[in-house]
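The same chain A turns up in both complexes below, where it pairs with chain B and then with chain C.
The block that comes next holds the complex of A and B.
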């Protein structure tokens, strides 16, 4: 077995390692702080692997070209931050309806608008779910450490390919720029899912074949000719006005993620077994929360942490179970209350739900969380 | 939880404070046997403005990546010293550049004042390596990483043409810090 190599990597550098490991061979984007190191890293790595890197004219071009790369059969990625994520929303909807696998990394900074480029934020949680119009499936992953950025980027590619849908990786500026030791994985350390290929002849191929919940996607240029559109479409990809087909297709793209939600959810539980008060949070805020939980336990306070690594689809089962056995769920987040709304929705009044927010470009500290929890006991 | 050792490098953008933080973290976690997390904060400008890099070193997992109670802080400018010294813990160390920092903060910590940039200029003819001198001084003053580990970390980060210069700068840092102890 090859020797493991340990490196001190920035979160954004770990994202590049994860993408390359997962087989990403096409990157297009437009650089923006605090995500720029991803574009920089991909521009260095991809040409050496026979892949393609293109800096486009803007963020919209960045995602549109990545959709083209994916349709041509290459695992594709783009990365951005809040302002660019806003611009990419139209193409995210297109990818949802046309069922094009794609990974979009959003390194969150303060907003709205140009906001605070070098400050951390978690204010794109709702944009990841509802930024594009229409009912559509959303998968968004929320790593909390630099090694996790690597492994969750790999998982994002796997989910995108498995479900033929865009998958988002969301983390804040602190994680994007901080450095931690990372063990560079060897082949075989992580599962890599590749896209299902059609088993029929080109003339029999339908890109939206209703025999499947998720039909295989043929690479453009491989002899399989088909139509791709953002209009509601028939099995062959051409537009339709047939109300039955429109309904079935809209429901199916939601269902393909919903019925598989158990395999997409991923949570970490820290000292929740006997917890009286639970903290629910993601990303770098979860690091403050873990620190606070350790301190609270030392003080004899039964606190725990529920940390989702998949924020969309929202971890409904875990939150519902938790809400039936704790006095309160505290939701610290670097925004003015986005995850809190979801926790309230799922908790259905079974326990108190308290959001604690911060939008000054500074992290929520362990001592802030410590004091919030103490108020409940 | 394992003990955290917290170091903050502060100065103005372009002085190499973030690089110093990265090298310290590599000395601890890649060339040493500890865990380390390095983080930073800076303004939108690429030069100037107060900038800081923080390194947390521990034998165990490091949850919160930012400084909470600083064991050792370096301030290369007056602005950074004034802005960032408040988190130094009781009994901690503040190392300042004596030519830049004239107004020393009051606090329950030890202040060491030394012409770091002046030494780089006079002994090596290049102020650019002031950050490496300060890195050597901090390694010596804190003992949190070995001389060997920090030297390996420095040499792995600098271009081949500047290996000797940086090696000398680091040695000067070790030596000068001994005189302050």
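The block that comes next holds the complex of A and C.
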């Protein structure tokens, strides 16, 4: 077995490692704090591998070119932060409807607007789900450590290619710039999924063939000449005004994620078996929560942590199950209550749900979480 | 090369096979009677045929608007994107697959207003795209609002008292931004347009063809044109002059007229080639 290589990496550098490992060969983006190191890293790495990097004229161009790269058959990525994420929403909707695989990394900083570019936040959670107009599926992953940024970026590519949909990786500025030891994976350490290729002749190919929940996507220039549009379309890709087809297609793009949600969900549970109070949180806030849980246990308090690595689709089963056996779920988050709303929705009053918010550009500390939990016991 | 009279006759008698390039089951097109877009489509297909391009190897990319519906009708790899975004999507395809011929069809609002930033930067990069701007000085799809090429004083649904914004000169902007092939044609001068598009297709680098193409339904009615043919004659025929003829005309004969033909052509390194040669070599040399 090949020797494992360990490196001290910044979160954004780990994202680059994950993308390269997953087979990403096209990156286009626009500089923005605190995600710029991803673009810088990709600009160095991709040309060595025969891949393509381009710095576009703006955030919209950054994601649009990546969608072009993906349609041409290359695994593609773009990265940004809050204001850029807002600008990219138009193309995210396009990718959802046209079903083009893409990974979008959003290193979350304080908002709204230009906000606090160098300060951490977790305030793009709802934007990741509802940022673009129209009903659409959303897959968003939320790593909490630097090694996890690497592995979740790989998972994001796998999901994007499997489900033919944009997949977002959300982490806050603290994780983006934090350094931790990371084991650089060898080939075979992680599964790498490629998009399905058509098995039919070009003249029989439909890019949205209704024989499939997710039809194979042929790359442009491969002999399969087809049409792609952001208009509601038929299975052959051409626009339609047929209300039955519009409904079926709109429902199918939701369904393809919904029916597979069990395989997309991923949670870590920390001391939840006998917990009376649970903490639900993500990213760097989950690091404080983990510390707080240990301290609470030392103090004889039965606390636990539910940490989703997939925030969209929302981990409904895990939260519903948890809400039926704990007194309270505490939701600390670096925003003014975005995840809390979802936990309340799923808990349906079976337990208390209490948010603990912070939007001053400072992290939520273990002691804040510690004291919040203590209030419930 | 000389051809005999008999050969010439035979050439003329072989009709151009448009169906080779069209998706007949997607027709009729959505364009209004009198619209020039169909003429431009015809010129584009003939130029593509003359250039000997393979259908599998062509990506035709558009934004949003009347002209941007063109990709739906032709049998290439076709991509109808978002308003203004055709050029960055096309840039992604070209960079990912430089061996493909990537053609962009766009309108003046699509390319120069909402997509203006992408336009100047695609020109600046000199990436090998052929961009056909269907300039009808109006937003046709939304019912006739003024656009970045609407002349001063013209009436539109959003300039009922006359347009007070001066229009862009698309060709001057493309040239100033770095495009290495810049030309203008009209839907009236069909043979010249076909030749111009062919020359654009065979140029390596960013090629922009500004195509003056009247919208009788909205611009025409609002501005008291009596017919589509009157518009073509006044705007496209009498309102333009070929750049070669212009060289021999006195300034007073050129006043208020747009120049047609190839207005700017230079050879400069193309973006994807530079990427492959410079970046790849330097990157692989560096451990």
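By definition in this document, the second predicted complex is superposed on the first by the 377 of 377 C-alpha atoms of A that agree within 3 Å, B and C clash if a C-alpha of one lies under 4 Å from a C-alpha of the other, contacts with A are read in each partner's own complex, and residues count from 1 in each chain.
The working rule: a residue touches a chain if its C-beta (ideal position, glycine included) is under 8 Å from a C-beta of that chain, and two chains touch if they have at least 3 such contacts.
The model shown is predicted, which means the values in this text are computed figures rather than measured ones.
*Asks:* After superposition on the shared chain, which partner residues are touched by A:91: those of chain B (first), chain C (second), both, or neither?
*Replies:* Second partner only, chain C.
*Asks:* A:239 contacts which: chain B (first), chain C (second), both, neither?
*Replies:* The second partner, chain C, only.
*Asks:* Could you say whether A:174 touches chain B, chain C, both of them, or neither, answering first, second, both or neither?
*Replies:* It touches chain B, and chain C stays clear.
*Asks:* So in the superposed three-chain picture, is A:60 touching just chain B, just chain C, both, or none of them (first/second/both/neither)?
*Replies:* In the superposition, A:60 contacts chain C only.
*Asks:* Could you look at A:363 and tell me whether it touches chain B, chain C, both or neither (first, second, both, neither)?
*Replies:* The answer is first: A:363 touches chain B but not chain C.
*Asks:* So which one touches more of the residues on chain A, chain B or chain C?
*Replies:* Touching more residues of chain A than the other partner does is C.
*Asks:* Both chain B and chain C touch chain A; at which residues?
*Replies:* On chain A, the chain B and chain C contacts do not overlap at all.
*Asks:* With touch defined as at the start, can you tell me which chain A residues reach chain B in the complex?
*Replies:* These residues of chain A touch chain B: 6-8, 33, 117-118, 174, 177-181, 284, 287-288, 290-291, 294, 363, 365-367.
*Asks:* Can you check the complex and tell me which residues of chain A touch chain C?
*Replies:* 26, 28, 44, 47-48, 50, 52, 54, 56-58, 60-62, 64-74, 76, 90-91, 94, 219-223, 225-231, 238-239
*Asks:* If you look only at chain C, which of its residues touch chain A in the complex?
*Replies:* Of all residues in chain C, those touching chain A are 26, 55-57, 59, 61, 71-72, 75-82, 85, 87-97, 99-100, 117-118, 120-121, 275, 279-280, 282-284, 286.
*Asks:* Going by the contact rule at the top, pick out the chain B residues touching chain A in the complex.
*Replies:* Answer in residue numbers: 1, 22, 25-26, 29-30, 35-44, 62-66, 68.
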